[in-house]
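Provided herewith is a single structure, encoded as structure tokens, for subsequent inquiry.
Chain IDs A, B, C and D follow the sequence of writing; residue 1 opens each chain.
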Amino acid sequence: MQEIEIRELKRVKLKKPVMIEGLPGVGNVGKLVAEHIVHELNAEKIIEIYSWHFPPQVLVNNDGTVRLSKNEFYAWKSEKQDLLILSGDQQSVTNEGHYLLAEELLDIAQQYEVSRIYTLGGYGIGQLVERQKVLGAANEAGLVEEMKRYGVEFREEEPGGSIVGASGLLLGLGKLRGIPAVCLLGLTSGYLVDPKSAQAVLEILCRALDLKMDMQALKDRAEEMEKVVERLKEMEQAQIPRRREEELEYIR
Amino acid sequence: MQEIEIRELKRVKLKKPVMIEGLPGVGNVGKLVAEHIVHELNAEKIIEIYSWHFPPQVLVNNDGTVRLSKNEFYAWKSEKQDLLILSGDQQSVTNEGHYLLAEELLDIAQQYEVSRIYTLGGYGIGQLVERQKVLGAANEAGLVEEMKRYGVEFREEEPGGSIVGASGLLLGLGKLRGIPAVCLLGLTSGYLVDPKSAQAVLEILCRALDLKMDMQALKDRAEEMEKVVERLKEMEQAQIPRRREEELEYIR
Amino acid sequence: MQEIEIRELKRVKLKKPVMIEGLPGVGNVGKLVAEHIVHELNAEKIIEIYSWHFPPQVLVNNDGTVRLSKNEFYAWKSEKQDLLILSGDQQSVTNEGHYLLAEELLDIAQQYEVSRIYTLGGYGIGQLVERQKVLGAANEAGLVEEMKRYGVEFREEEPGGSIVGASGLLLGLGKLRGIPAVCLLGLTSGYLVDPKSAQAVLEILCRALDLKMDMQALKDRAEEMEKVVERLKEMEQAQIPRRREEELEYIR
Amino acid sequence: MQEIEIRELKRVKLKKPVMIEGLPGVGNVGKLVAEHIVHELNAEKIIEIYSWHFPPQVLVNNDGTVRLSKNEFYAWKSEKQDLLILSGDQQSVTNEGHYLLAEELLDIAQQYEVSRIYTLGGYGIGQLVERQKVLGAANEAGLVEEMKRYGVEFREEEPGGSIVGASGLLLGLGKLRGIPAVCLLGLTSGYLVDPKSAQAVLEILCRALDLKMDMQALKDRAEEMEKVVERLKEMEQAQIPRRREEELEYIR
């Protein structure tokens, strides 16, 4: 195995696809969206990526078999718009690995002549989200204007600071290569897996891509989480403040 | 010394040996089993492995001499089944080292044409274990079924998440090379060296390998630990809750 | 992108320029000074530096666009003294990256035949600064004497210990190359961005370079911070000691 | 500058010298001894070693000039026994750097045909030392016996575990090269620079090398520290338990 090992499972032809990145991160928002899209569109896995920069562990599947941590590309072809979807188990755990992996992902993006990249993630605000919103950032001023039309918010103060990991680097390094890229960040508490935030991000994305998609699976998971949140609120009111944080972490 | 230095002490011929990995980890379960087997079978050390990825320290032997941290392979020949046993002082302390070392271990495994790998470890549950069990994971669905027959439990929820270090990577990276591999994890508190859990793992392993082995040494150590646990329980009941955690850590 | 990528935007001719380094650090003192100089002199950006050793993230601008973390060189030409000014978003986050980046910065310094380097930073004292001072260190004994004439303090006990990051390494590695270099450290609490400390450093630097510069922008920011500090003092007197530390960190 | 840069200041001829290593560590015991020997014997600096694996900082001298973190070899010639003394500002801060630096140090040791290595350090016991002792470890069983004759203690339980850093690796890696090496560890609290422990180590070393040396400088520093310890004890009795730990750390 090399430092970064690209395993091409199948070579497909795509017409200037749009690339969608949804790797694990805050609230797992990006990953939830990417996996939902792959599932709903029945997209085809075409590439697996292994790396020393992922955590040194295997993940155990429900049937007792294991898999190495990896990232995966899926392809989807349609009349209107081809898609190249990136998801996976992990992001790099080393500083340099983040850069090296992002460069490899962009190599693949260029090989498939992607016309644009959407990176998806969550923006943790440290408390339960009252009103669902999607914040944005882009690597071209023109994209900022376009995204506003789809309901993405751009605030002078937020996301502010920085966008960490693949969702950020694909924009920054993509700019150096001249690939237009947008980051969509769903507001989320940061404590829990957040399918509701994922739904908000997916709605914007579908609008931008002029795509229709069944959202029921995300809605169902959002409702489940809603119940968890309700229980947590009750527990909080029942004054067990000490335990609250731990339980949230347990569920995350 | 190279990044990973393989020192072959003796070249032996083995007939499609089964490889058994027992490196340090949770409850030191895997290491206890591997060392017990080496001792009981009087297996012969054939390879030493040094690496920059082990902690930068020497270990002091009882006679005042020191040794560099290392991993070791032992060989055992028999009519029925040859064994290649891996144990050692340490695992990698760097992320990349875990992958590089696992790849080297698999190179050696392939050189000896191992027919299967058993990786051994502990599965920490954060409390004293009431009923001893051995959980499993495998890199082939067929192996899952086979292991169930020997009493290994496969749960949808557990081990869940991940198996960290050599015990996990030998399965994941082994799969990419087509080497069948099983991981056996003895339930353990995670606080203490656990010879009782090691005994449970060894019993399964002996059944799988159709091997007979004296377990007295492990039983003796388990009884010693039992006394330590009893003392800890008494102390807990004597209400010194604050100190409990520290003492457990001290003994570990 | 390479491990360290130098992007030369424009090639200029400078006459034995003085180099001024002001990268992020304690109280952001060095960065404030360097950015103030660039702005006031309308210096021209000539080089951008990207690296795997910067944090794996992009920074979001006020207009919603993003930029990769980078360091930048600016050039300024004048009758009396040309300047080569270094500022940026980040310093290395890896140990080796600090050395590699400092060596690259010195390569550029030598390419432009810099006659001397001033590195700028803050010296955190852990409490609000009563009397503003600038401490110094140099890589030649003669420079120590010269700097004393401009009001820089050299104390046997302070800065004592060490100067971490580019501000220190440019002196230490510069000495091995025979480049005279001075470090100016403004006293600062270490809790807050400190434009007042930056002003003190800039005054010394202007004296040393026989340069005149409008300080109003720094004074304005210093006054804003003064108000923040006043609020913090009031809160402290109102006895909310527990929260004080967090709030300071929030503002930093 | 290379990953590890060896700067030979002067080439000397030594007759099978004994090498003495005293780099920073627990209680700074080893460094105190090595520096005392260099000073008392007026040994000559012959080699400087710089490395990316040292912390990325410069140290400020009392006169306001700075120096890069480095290790240094000193040579001393005499009728009876030549010495090669290693001291320095720092040890590696990376895992791999520890191994790489130790290998370079052993290359130099072999180039000078050292007959034996003494590595010096402290063994922290977490409380004030009642009776000063020196524990030992060696990379040959014969050396253990020899050292016992000079008053070094070898305990089955202690130092136990491990000897971290250069003091340990020079023994472990030295063994692979066939260089006899002994580690002498003075008992120390682990909280304070400990010249008294250094004195105990030096006395053993002088006995082993049949060397006479004035110890007054170490005695003076030990007395100073004794006063600090007395003050700390008084403070402890005056019941300021909360602050004790911080103050100890401050002084360290």
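Here is the rule we go by: contacts are C-beta pairs under 8 Å (C-beta built on N, C-alpha and C of every residue); 3 or more make two chains touch, one makes a residue touch a chain.
Small disclaimer: the values here were computed from a predicted structure and weren't measured.
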Q. Do the two copies subunit A and subunit C share over half of their interface residue numbers, or under half; same or different?
A. different
Q: Report, in degrees rounded to the nearest 5, the angle of the rotation taking subunit C onto subunit D when the C-alpha atoms are fitted.
A: 90
Q) Where the centre means the average of the CA atoms, what chain is farthest from subunit B? A) C
Q. Just curious, how far off is subunit C from subunit A if you go by their C-alpha centres, in Å?
A. 36
Q. Roughly how far is subunit B from subunit C, going centre to centre by Cα mean, in whole Å?
A. 51
Q. What residues in subunit A touch two or more of the other chains?
A. none
Q: State which pairs of chains touch, listing all of them.
A: A-B, A-C, B-D, C-D
Q) Where on subunit A is subunit C touching in the complex? A) 92, 95-96, 98-100, 102-103, 136-141, 144, 154, 156, 159-165, 168-169, 171-173, 175-176, 183
Q. In their complex, what parts of subunit D are in touch with subunit C?
A. 1, 3, 50, 52-53, 55-60, 62-69, 93-94
